[in-house]
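Look for chain A in each of the two complexes below; its partner is chain B in the first and chain C in the second.
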Partner chain A sequence: MHLEAQAIVLAAGPGMRMTTLTNHTPKCLLPLGTLPMVCYPLQLLQEAGFSDVTVVVSEGEEQRMSKVVEQYNLKLNLDIASVNTSHDPGTADSLRHVASKIKWSIDDVVIVSSDLVTDVKLQQIMDRHRSSGAALTMLTANNQPEFTKATPPGPKTKPTFNSDVICTESGTGRLMYAVAGGDYDEVITLHNRVLKSATSLDVSTSVVDAHLYIMKRWLVEYILSKESSCGDMGSLKAEILPHIISRQFMKEPTKDRSDRKLDIHDVMEKEEYDDLVRKYNSSVVLSRHHNSCQLDSRVCYVYHYQGCCVRANTLNSYWELNRRMHSLFEEVYPNSTWSIKHPSADIQERAQVSDDSLIGSGSVICEKTNITNSVVGNHCRINPFVRLLNCVLGDHITIASGCVIENSLIAANVEKKCTIKNCIVTDPNKIEENKTYMNEILEASQDFA
Partner chain B sequence: VTTKMAPLADLHEDHILQAVVLALNPHQTLLQHGPKELVPLVNTPLLDYTLDWLERSGVDETIVYCRAHTHADKIRQHCRAHSDKWGFTTRRGDCGMKVCVVASEDCHSMGDAMRDLYAKSLLKDDFFLVHGDVVATIDLKSLMMKHRERRMADKSIIMTCVYLNCNQGNLGDEEAQATLITDAVTGKLLSHQRPSKNNTAKFLLPTELFQNSSDLKVVPEAHDPSIAVCSEAVPSLFSDNFDYGSRDSLIRGVIEQEELLGYTICCEILDSGYATRVSSFNFYEKVSGEVIRRMSYPMVSEVSLTSHRIRYMYDTFTNNYWEPSAKFHKGSGGTNVVVGAGSEISMTAELQWSVIGDHCIIEDNVKANTAFIMNNVVIKAGCVLDHCFLGDNVTLEENVRLAPGCIVGPGVILGPDITVAAATRLVAIPPEDEFDQHHVSLEPDPVICGAKGRAFVIEPEEVEEDEEEALNGELVDEDEEDEVSDEASDSPHMSDEDEQREHEFKREMMESLTNALRESSASENVVLEINASRHAYNMSMEDVLTTVTQGIIRAGEDKISEDCSVESLWRTVKISITAFKDVLRNYIRKARDQVLVMNAIELLMTESPRYLPVAQKIFFELNQSFEILDDEVVIHWFKKGGAATSAFPSLKNAIERFVVWLEQEEESDDSEEQDD
Partner chain C sequence: DEDGRRPHARSFTQHKANIWMNKDRIVDGSTARVVSTLAALKRFINDYRTPESCDLSRDLAEKLLPNVAFLNACRPHAIAMDNAIRFLKHKVNSIEASMPEAQAKDELRTAIDDYLQENINLASSTIASHAASLIDDGDVILTFGYSAVLIEVVEAVCKGGSNISVVVVDSPHPSSGVSMVKKLSSMSVTTYYRLITDVTHIMHKVTKVVVEAEAVMMNGAIQGICGTAGLALAAATHDTPFIVLCHTYKFCNNDLTDSLVINELGDADSIVSCPSREYFGLLDNWRETQNLNVVSLVYDVTPACLVTALVTEQSVLPTSAVPVIIRRNYADILGQD
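Right after this comes the complex of A and B.
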């Protein structure tokens, strides 16, 4: 059977923007709803018809990753590769690590980040990618401030980061320029070549790169080639993509191949009948095959999706996604065989669990408890007389009898009776009997580590 | 001018649609006589295109504003004829458009016109502001609706500028193109730049724009037909700011001082429609072709724009137009030709993309490609015309060849058997040489105009040289080959006009500084004055800083004699520097500005070496006393060889001692720090 596309999930990210949570659990396995985060992109791929997926995780997490599929009823064969994350490798390094696993018979490579939660249909992006003849199609979404600016528990912090800037050609969505937030200062420099290639440009900071890319196989080869300029770039988003985008407007190099680096022109592949079709096509619908179009196969496009499309890459969006998962789940995890309110949970008769709460599999909710608008992970135990309001609990968590927990993220056992408000708890040893905690991060301090 | 308006219009006075047509063009680009607005384009005066368009768009009253010289009378006469023709015919139940001509003696810019109209309070509500040489078919009514809707939502909007999203190329008119940055949601104009002559390879987008709008739209090469919908705030703003000359300076002022003035400008960038100004000869040629090609439909050549009746016969196959009285055979070897009344065209003439006026005679075997021939022109057998313009009453004897770009003024006689070089401008009356620099012969030179000819060559202005290049199709693609050449900046190119402007600006700055020193004005006021001049002359910050630096040093110059002692020179300079230290400080924000100050001092040394002995003192004062120049910047600048002008070696000698001392100071500071 001819495979048209191959999917790679980049799940080795260290979760630099949510370090309090990723000390013990790798980011891709953090619970979102009652499932690990990585399940969401995997389900997206499964829905699109993929049966095999390559996943890059950080070293030592292969076992946990391989169990995910089985545990959450996914029908995918995972090919798991691991990278050593001690030296903080970039996304490009992850990709290089699985270079040997990329099959040379395929047409396109789908690269998706493990933290993407969206209800977009991958098939539609793929269709657009093919009809536009793009070398690269990038999924973009509206910046959703309800997620990115949500207030997570813990002490108040001010997020100070610049937005990405994405520049597209008006009307066509051709990707003209992109720069990651933090990679620009007072001015953004656009080359004349870019300006001359479009009559009008949309430059936006309200659109975000969703970290889902579809690339032609030859482009991936170029990126992975040691001879190209991409050879020593670390980040896919901050370095390689801007490079690829800018190459759209460069002329063919005049120097001899031996005197210079590998150029995109050397690897670019045309489709078999492109020239013929272009020559004879007089359709009024503009496409890459229109005979007035000068586009070649280097072009990059964005696929802008207006619906739900959020990355759980910050504490803010991770928190807000968890809080809203009860209503989002049907859309972002369609045709699921896994039930987000799991039937195997043992909710005792006199326990009060609100409709907008999620209880994971095998959890026990004892009587005389009150759980409102909260997420309780798998295999948790909530003892009697506990009140949970607006909380998110991880897996395997026990809450001692009589605790009152509000608006908090609990990733460790709470074994003593106490009151916790607006806190993040990752270390069980920090909890003392009958105390009240407010606006704190209760984590193992660096001295113990 | 018309007083016979029916009172009907008065009833709807609050809904009157007004338009201002500016006919201020001081240049006589195409013809020696008459205002440019009355030059025929495809046998119809330019102004008629504008007026017809305004009338079609439902404008009730048009004010044609012109300078009061002989041209004003001609325009007035033309418009009167216009009004008599249509002024009182009823169209669709409405009254026809009222046209009045306003002229003013000392009007040099749009700003002057606006101030005058404001003073005369002739403008009552939102109005259209266009030039008298615009050929357009875009729908003004919908533009006005949009403008009013926007104003309902946001009172700060005072103007909507109209642009076309299509690159027309720079055909000898910088003002026809603009690089725009707008807010993609509100359409608010955030940045407006004209194409720069020193073609920079990069476009800089200031990221501070993202603070107020997250989605920007960048249009790199919008075509600017100078069409705007203005609110009554625009004339009053022009009156409040005497330094606003052109629309550009208004736009710049409004954008730069948005917080202060509280006004904003919106953009309407159209993807389709036809609108362009005939602002240069190249545009004349281009627009003529487009009218012949019917791109300006419904303004097509066979329909008279004054009577709206069919005036010409039209053959769709050859795209030829001719007046029924003309002797022209539609099949006689020509395409895209327009022939006026009573003209006789030989069957053997080969014409293309050409316009022939009334009562012309074109004899056998004449070849003309893109030739624009006015009225009563005689072209005898065997002439060859290529991309040229012939005024009224021109006679070309046998076998005259005009190379591309020739402009032949009215009454000129050429030939026989001569060839006129490309881009020659010929007139019938010898040009008056104001400066008496050249010997001007009163008799025509037969080498130039032929044995029977009568013509004199006038030197084209520099701007027109660019046009000539374009005419010959020699426009080079300025695309860079690879990234290496991107780094190399193009050599700056400055036209006479720029130089003139800079000179004027310098003079004015010198005057303000000298006066300020004499009257010991407050520095805020001096800064205000400088900024006003800066806007008026459209100077960059760098130019201002250079001029201010040199001006400050020289401000006391008039008080001392040429050969005074170094001491008294220094005394004067020091007084001036001390007086203006805050002025200078105001302009220095970054290290780069300090470098500019030092470059300016170096430049001053080339112009007047008498300041060389006090250079060291100036540097010392600016660095040590006023802390305007930082130690490191001075040292770095010095080491790099300053501005590398011819004056640097001598300046180097003059200030070396100071810089060495500075370095030592610096080092000792460093070592102290290390000790800590």
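Right after this comes the complex of A and C.
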């Protein structure tokens, strides 16, 4: 059967920008509003009609990932592949590990990172991708500083934010140039070829690459081929994407095939009768079918989404997404059977739980507790006389009675009565009876063996 | 079965339907749309699998209907597209029940390839050579909008050694003439560009008007891009020959006498957009304005009496010969509707 598209979720990332949390849990399974982070891109794919998804996780996490579907009521078949992350691979290596799983009969491949939270309709991006005949469509969104610059709990740190630079042709949305944040110093260079290929360019640092790419199958094969220049590249977003974008403007290679690497011209696939359509097409709409010879199968487009679209890959955005999930949930996780105030949670009488709090499944909220504007994960136990304000709790957490916790991220049990304000707790042993903690990160000390 | 049909239908419609979404119009012009439709139908036939205990010809004909209806809903069919789809349906119906699926699909695919090759590729070059014989050295040709067939005619004329110049007349929206000028000037032909509002001023300098038609009717009337009829009238006023190029597969057994009975609404917003700074955006909300309706017609009908000659791949005809062609070529297909 001729399938149209295949979906790949890259979930092997180590979460380099949130190492306090990812020491014990892989980034993709970190709880985001009572659900593991990876559920959001999976739900996005399910909404678009996908029934099978390929997921790449780091070695050892296959079991946990395979349980995600049944635990959280997703109707997908996950094809899980693992990659060894000890030598710090990049997203391109993840992709190489699933090269064999890419089917021959498909047209397009959807590649999405496991930390994307958005209410965009994937079907619309796919429609745009197909009708424009692009080789690559990249989802971009406006930089939302309320997420990226939000202050997480813990000691005050200077927020570092490296903006991506995205350059598109005005009006058409054609992607002309892109460079990832952190890969440029102060100056970016636009090649003459790029400037000549468009009448007007929009260069922006407030537009973010959301790491959702739809690519034609032949382009994915080009990326994965060992003979192309992409063979040495590690990162999809930082190296391979800019390379592909720059290939749009390159002329055909003059050297013999044996003297050079695989070029995009060698693998470009045209659809049958494309040339004939182009010859007779009297349309004035610029597209791959337009008889202007600049646009052909290599063309890359941007799908700019104005709505909610955030990556939870930094501590700031992870924290803020958790805090705002009660208002965002309906849009970013539509049509699901999972509810954010789970019916299986046992909220006892005389426990005060505010309307904007999220309670996970199987959690027990004892009497005489006060929970305001917080996220409580699955299978937690909140003992009596606990006060939670603006907190985010992970799964399987027990809070001892009498604790007062404000504005903190709790990823481990709090077994002794104490006051915690504006902290991140990942190690239960660091908590001492009746102490007050403020602006700290309570984590296990690193063993440098 | 539902599952079997849905991905095919989705693949077909997703592929090409969006191209014809009314607001998109990425593929325009009857020939290009026909090629696109047939290419998409070919892919559809490729992916098609006959379900158990079903007759391929009957089942495939049934499965084609919703797809065709969907395309029609996205953007109304051009008359040429209707003819092409009718041809394919006829081919599908004529598949014998005993033929194995692979062979039947092969036959259909080859039929589509042959249809496109004969009626478009070969026909275009034949039209080009017929038309080239009508054009003399030193002629000033007037044409309208973008037409690939006309580019072939000009190529043929130049190859024959004659020197001509071309005036490309363009409607302001959509301004397809721009790419025409680019193509012609890259062939080193003297090209001029005018708007259609200017045509009466320059008509006396023009020796022949050559235009491509979208469709030809049974009564000899020509359906062309909106503006062609005005051009024909201007040509008639100056006694300039009005030559129409048309592939025979676009001949249709309708009778049209005016432009309003069968037509299509184009992009109205482009008409009301005013380039002057003073009135920019004056009519942006014309939809909410009461008593105001903006209509942009895509096609218009040129009556047969204004057409000097009709150049098809069969021969150069007067418009009175059109019913003969239609009856001869399409009796078997147009008969069954």
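Please note the rule applied: the second predicted complex is superposed on the first by the 439 of 449 C-alpha atoms of A that agree within 3 Å, B and C clash if a C-alpha of one lies under 4 Å from a C-alpha of the other, contacts with A are read in each partner's own complex, and residues count from 1 in each chain.
Methods note: contacts are C-beta pairs under 8 Å (C-beta built on N, C-alpha and C of every residue); 3 or more make two chains touch, one makes a residue touch a chain.
Computed from a predicted model, the values in this text were never measured in an experiment.
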Partner chain in contact with A:Asn281 - chain B first, chain C second, else both or neither
second
Can A:Ser344 be said to touch chain B (first), chain C (second), both, or neither?
neither
Once the shared chain is lined up, is A:Ser354 touching chain B (first), chain C (second), both, or neither of them?
neither
Check whether A:Asn439 is in contact with chain B, with chain C, with both or with neither, and answer first, second, both or neither.
neither
Please work out whether A:Asn77 is in contact with chain B alone, chain C alone, both, or neither, and reply first, second, both or neither.
neither
Determine, under the contact definition given at the top, whether A:Thr157 touches first (chain B), second (chain C), both, or neither.
neither
For A:Arg130 in the superposed arrangement: first (chain B), second (chain C), both or neither?
second
So which bits of chain A does chain B touch that chain C touches too?
none
Enumerate the contact residues on chain A facing chain C in the complex.
1-4, 107, 126-128, 130-132, 271-273, 276-285, 287, 289-292
Mind listing the chain A positions that touch chain B in their complex?
143, 162-163, 165, 167, 170, 184-196, 198-207, 250-251, 253-254
Can you tell me which positions in chain B touch chain A when the two form their complex?
165-167, 179, 184, 199-208, 210, 214-221, 269, 479-483, 486
Chain C contacts chain A in the complex at 4, 7-8, 10-11, 14-15, 18-19, 21, 24-29, 31-32, 35-36, 38-39, 42, 46-47, 49, 116, 120-121, 145-148, 174-176, 178-179, 183, 225
